[in-house]
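Here subunit A shows up in two complexes: once beside subunit B, once beside subunit C.
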Partner chain A sequence: MPSSAVTAGTPQAAHADAAAVVIDGVVKHFGHVHALRSITARIHYGRLTGLVGPDGAGKTTLMRILAGLLVPNAGHATLAGHDVVRDNDAIHVASGYMPQRFGLYEDLSVMENLRLYAQLRGLDADRHAGLFADLLEFTRLGPFTARLAGKLSGGMKQKLGLACALMARPRVLLLDEPGVGVDPVSRQELWRMVQALTDEGMAVVWSTAYLDEAERCESVLLLNQGQLLFDGPPRELTAQLEGRSFRLEDVGAGRRAILAEALGLDSVSDGVIQGAGVRVVLRAGAPVEPVAALADAAQLQLTPVPARFEDAFIDLLGGGPGGSSALAERLPPVELGSDIAVSCRNLTKRFGDFTATDNVSFDVHKGEIFGLLGPNGAGKSTTFKMLCGLLRPTAGEAHVVGHDLRRASGAAKSRLGYMAQKFSLYGLLSVRQNLEFSAGVYQLEGDTRRERIAEMIETFDLGDWLSATPDSLPLGHKQRLALACALMHRPPVLFLDEPTSGVDPITRREFWTHINGLARKGVTIMVTTHFMDEAEYCDRVAMLSRARLIALDTPDALKRTAARAGRADPTMEDAFIHLVESADLELAGTA
Partner chain B sequence: MFTAALNFTRLRAQFIKEALSILRDPRSRMVVFVPPILQLLVFASAATLEVRNVDIAVYDQDAGRWSHELVQRLERAHFIARVRHVDSERSLHDLLDHGEVIAALDIPVDFSRGVAAGAGGRVQVLVDGRRSNSGQITVAYLSTIAAEMGAEVEPDALSPTPAVVRHWFNPNLIYRWFIVPGLTGILALFSALLITSLSIARERELGTFDQLLVSPTSTPEIIISKSLPALAIGTLLGLLMVAAGVFLFRIPFTGSFGLLLLGLVLFILSVVGIGLMISAVSMTQQQAILGAFSIGVPAVLISGFATPVENMPVFLQWLAQAIPLTHFLAIVEGSFLKAMPPGDVLASLWPLLVIALGTLTTATLFVRGRLR
Partner chain C sequence: MNAVSQRLSALVYKESLQALRDPSTLLIAFALPVVLLFLFAYAVSLDARDVRIGVVLESEGASAQALAAAFSGTRYLDPRFVHDRREVADKLISGELRGYVVIPHDFEQRLAGRGSVPLVQIITDGSYPNTANYVENYARGVVQTWRAGLDVAAPPQTVALEPRYWFNAELESRRALIPGAIAIVMTIIGTMLTALVVAREWERGTMEAVLSTPASVVEILIGKLLPYFTLGMLATLGAAALAVFVFDVPLRGSLAALLLLSAVFMVPALGQGLLISSLARNQFLAAQIALFTGFLPSFMLSGFLYEIDAMPAPVRAITRLIPARYFVDSLKTAFLAGDIWAVFIPDVLAMATIGGLFFWLARRATRKNLE
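Let's turn to the complex of A and B:
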């Protein structure tokens, strides 16, 4: 519970009807880029308002205007009754703003950061003690006051950032993507804290690109390309989709083929894989019969399911991409000598006293999509890096298509493809030069080289962009280019390191269409992700926590472990939190 | 086949990538090409040890024939911009105090009389000791003028002749003759150091370094592909400076061009190794630039470019031997002015070869160490 010291700025009854934030026809453009096109909306006290939209929607621009850091080109905005331009000084007192990468001083400890922000806010030194104690209790950072901010996990950094933003006891709290890089467990904590603040009457604005976060907000402003698509409670939007969402249950091994088939139907606007099932959304007014026929033909059960916020978002944008991957169609099926594509035995990595990966063993089958999940700092990226040869294990071994990464790393490396988080393209080289480079570094020569490059340009529709630099490409094309570079040498194993973080849902669906197509051709996919709905695409998921492998099973089996009374159909996020918490309890029990 | 340490296709792809990265990046182009040209112009025209354009104050209490003669000679002297006449000892001191003149001449009342009587004249010269170096040179110039005058007054007299110093290799002590060959080394040093230290750090910022490490490419390939563009650009800049020295500043080039070129290539290779080491440990380009300067600047100071290595403490003299610039300066200065015999050039070439092998091997180990 936050004490009154934290949220003393509670609005009085007189304010209850007044809006915390009034946005009236706000326009902002940067050169030719239209970040906001005439936005009009209201944000209320005592509520959590989600500012939702994909990257580049204008969320941060709007936040910065409300925080008095940017001046709109047209229109007005007031925050707690103060005009953001004219009463700029009052804005900084009335609002708390937490930018995307919070300005923590990484070389200062938690306490020193708090002290610094208090002093910047001009607070009395003798009042610090009580205020700090409240904030530390609220954020549960009490045991870590002496730790350097730079050494905190992603979730703890966000909590410290939140503590600093709460220092001045604002009436409106602006949080810019607080959920980014934060695992589900820490995210749960943040929700709890924000809930407590809104209960006290504070207006909290939470911006996010995760559409599942939108569902937890009381009210939502949905932005896309600078336009306000929807303003209201999320349920109101999903209600419009009522009766259009279905799930094909227990499809099993054929689910990727079924998804591709379903997405090929005119009546289907969107579809994703959910564990062993396939979830489809019908177009407005479209009949259910074609999907039912598909289900009957495959002897599957078709169940209506509640609509999700993401369904509504995709629907507003006119539906997702089709289900066939031009790329996968061109690839020959992968032939391997053995059914095991990737394996590791007792894989261990220690950095000094710290064990990042502890005795991890598993086998990945040919054509499998294998997910590595875990909280921040659980060791999933260390494990991932050892599997693709970026780190040498301290003990144990890792094999890719039968080659030991230690002894025959060159042979193993030429058989794997890798796509990193930020797409890792050469920004100074043109699109064609990037393709040429990838071909060359994987030793493609002569005709093969020319054919492969031409093939990638054609399948990924990059022809119009050949002399552009990757940075100037639209996000979707940039992702295609990264995929093209990673697949130029037709590797039987593809490593994806958080491949879709910061990517909008439509681009993400296009990406997974290609990945599903590749898996059907026998390409083995290793993927790490923070998106729980991406974990649903995996055949099997390995859960890591505190360097150890705590669970390894199909997404559905993992979800079942979290089932209990009152939660018959747990989500992947429920499963994640459940598994991590029970592993922690077990560890505490043995210690 | 796949595991071969060197593969031409992979190497070529990486070399093209490196070259394009430097040429297409406006920042890299700035770092590489602008400072050398600016430094060439600034150093060569502004940085000089010669004394020029100074003011001298004269308090002529004599106002006789010989004092007049002396003042006229001063006014004709090339190194003096203006002779300031004053009428009291006090203002003489003031001008000196305020730094408006570098030296002040106090000509006594009996100066002309003394000269006429054959007893010789004495003039008091006050010099600004705060500018000791220029001051000393000014005194030397002034005594030359006085000696010339004395020789005219009494050609046969056995007046004490000032010591005649002959400067070998650079008889007129033209400062540019000394500084331009040295600049060749310094410019090549900084361009090669910056290009290479940015190269890995840039890829790390972009995230492409991991991409490179998961590909079948080997560490020696990475090192070679990152060395070649720096080697090409560094050599080009070095040769440009040599050409500027010969054709623009007309410095006599008396040594062997072939040996100088060999020295330049070995010198740049050893610098490339240092640059790659810096790059391998830098997480960002900013760190890499800071690293390059915090290595490069002390290296220039210890190399003997500005102050003779022989005057340094023994420990620094040893350190100087490990700095590639020390040896390259010996070669380039020798080639320009001394007509250094090939044997002497070799004495500086082999340490460069050893240093180059050392730094490049260490760089390879550093880059490989990033995999652990």
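Let's turn to the complex of A and C:
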């Protein structure tokens, strides 16, 4: 059977000029929360359309409306010519939908899941064999048909979800954040598959909060707070910013100070650290001279760079936050007995016969921002948890500020701050009670306690929210509160576990402003992340794969390893993929 | 229609695979009934036998001795004989004894004195009201029997009572409890398990994925009900076999009637599970609601443990809404009396009506999409 049988092999020519999806004034609200405010757009066949926006922008709501799972409060939407409300049954036939969370049965095997979806889609049992063979080849899941879906890796789960959504040759494929929780290697595989599908005439909608993913789409719908900010090819949007993006090259150790200084200029709307350099975006119509003067004063080279989609997005939202952190300004410089804040030697953790962390050693210097990167299941979280005293190592040793984590984990814990994924705030306590609780946990008493809490409230501008619950806070404030709780006892070492997943770019910038400020005061930062551009903020990055440390260097040095002919300026993502793949090859070679 | 039946069979097959792979399902369906039946067969007994009491013999007379001896003649009481009430009072307080009988020092004189009735004091532990009642009644009975045997001159009783207990001649509570236990097991499987597995689909996001296929909510729910109906029937059969062959409960009615009753009871049980699942989208909440609206009422208000006739009128009225009440009633009849259709038919009608109501409510409450 030809591979086109998997996908939309039916003649699409007749629909070539008709839009795959027509969205006309769609409004959706849940109670008093406005998820979508009058969205109007078209999505075309044979194209990959990105549905782009930060968390809470309304992406999932729009996806569910298109999949016929939610009914809009006003407006209309049609998919492949069928109204999503009136012809609901036809929608389920014409569309393939992959929900955000892995929606397949984890206690069924790969093949059982495929069979179930084939039958639910009304496919003829006799034709299964050929169809399954195609899908398994397409997704490269062939060797795993008997494995329970729950035991697949994050990337393989997404591919299985894709296979199930593709089952009945949908005309329109709706993928809700397929890239979340998927490492760059698996993400590249997904791109490859989606590319093949659009080449055959299918309309694919890929929703994402990663702005670098948006850049790869042929067309994007950019959503923010329920409003459509932009509809068209990403190039068109970035073209508006051409000539406004610059990079200060090889800034080196002073780059955080330079970034803060650049963000303080009126002419600069946005800036981020990129390896040893600092990337700045000018406001519309602003002169380049002030930045050039800054570069001259610091004897740095200023080069124009191509605009990125993210630059355009931040610009659409009115620019990023300023560069100074009120928090860091108040903080006294950290004094430590030694230059090494965190160290581990031959750190190993086994769960039964599974080795999650295998013989990992490194030192982290005082005031360093140290990143832990790696594909899903590489052992990042396990290593991280051992370093902050949440897991006991099977072998090897780890020290935080000189305290041995195996013998004095209590003493070590009192010297580190920890900010967990999803912030882990107490939803039933008010903002003030959350602050008081964390002050209590770290045994702050009397005047110190009152002063410290008042200081956090003032620094993070939480005064208006004291009696609100954390869940009712805007995301940015929620993140500030979590950071305030983790910093209450002024720890010299701060652990951040995927601190910005699901956070919009503006809030992320604000967060990194604080982190940069802290690092300048000598606080040591340990961070895990899935965002490759966040890895650029790190002084050094440790790359883990299959439980082993495969690389440890500055972001720029890591990127250089991936340089080759035709790719002079590799991105962090290129470096990631390159390193993981060559480590796998090496492993295969020795085995 | 063909597409519908294909989807249904795929859903039923999937659900069966999941049920078979989930150890907790099998535990609830097969291990739990066994545990419950053993518990009700051996551990729980509503019969008070060998109740420990004290007999305080303050009188040394022959009649007093004879009365005391009469207390050891009954299997319902387990008397300890002492001569001073202070010896037993502490034991009553510490719970070692459930009551004591005092045969006072002037017992002989009162017995001899014409017209005066001999006085015997009975002290019972009121913190166990049921047992206290037993102690009082048994002790009264012992005294009266002894008195009747003593006084040949006393006027013969005009009416002699000769009690017979139908259906459960030995008055063994086990025989009445085990059929009731089957109703509890069926409630757990029908209501709790169903509510849990539907809530699990919402919780894990699988419902969203399945809903985006041509399968409708109704098909998805029927695909859930059929396997659990079968599981419930299998568990009933197993429990009935255990009751008859291991616990010696007679099955005086027919197996067909038993199966019919069970099948009809599954209607309200599953309907209630569905209704709960349409309200609760996480397993914890579903389990809590199932516990309070399904399991506890069928435990307390079905007449399984506590007799409905003994309940106050408002509670009695509430029991009419509990499907397990009708099932317990019918089950007891089927096991202990036989196929009495005059009992079964109203019970079956009541269960079917309540079940229909649950399904109607569940149908209204179940959203067809993610709204």
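The rule is simple: the second predicted complex is superposed on the first by the 585 of 591 C-alpha atoms of A that agree within 3 Å, B and C clash if a C-alpha of one lies under 4 Å from a C-alpha of the other, contacts with A are read in each partner's own complex, and residues count from 1 in each chain.
Following the convention adopted for this analysis, contacts are C-beta pairs under 8 Å (C-beta built on N, C-alpha and C of every residue); 3 or more make two chains touch, one makes a residue touch a chain.
These numbers come from a predicted model, not from an experiment.
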Should A:Leu70 be classified as contacting the first partner (subunit B), the second (subunit C), both, or neither? second
Report task. Answer with first, second, both or neither: which of subunit B and subunit C does A:Met202 touch in the superposed model? Result -> neither
Once chain A of both complexes is superposed, is A:Val93 in touch with subunit B (first), subunit C (second), both, or neither? second
Original post:
So, A:Leu265: does it touch subunit B (first), subunit C (second), both, or neither?
Top reply: neither
Output check: A:Ala575 vs subunit B and subunit C. Expected answer is one of first, second, both, neither. What do you get? neither
Notebook entry, point to check: Of the two partner chains, subunit B (first) and subunit C (second), which one does A:Ile550 touch, if any: first, second, both, or neither?
Noted result: neither
Request  = Considering only touches as defined above, state whether A:Leu331 meets subunit B (first), subunit C (second), both or neither.
outcome  = neither
Of the partners subunit B and subunit C, which touch A:Arg115 in the superposed model: first, second, both, neither? second
Which of subunit B and subunit C A:Met456 touches, first, second, both or neither: neither
Seen from subunit B, its contact residues with subunit A in the complex are 2-4, 7, 9-10, 12-14, 16-17, 20-21, 24-25, 206-208, 210-218, 371-372
Listed in rising order, the residues of subunit A that touch subunit B in the complex are 388-392, 408-411, 413-414, 416, 418, 420-429, 433, 436-437, 439-445, 485, 495
So, in the complex, the side of subunit A touching subunit C is made of residues 64, 67-71, 89, 92-93, 95-108, 112, 115-117, 119-122, 161, 164
In the complex, subunit C touches subunit A at residues 3, 6-7, 9-11, 13-14, 17-18, 21-22, 204-206, 208-215, 369-371
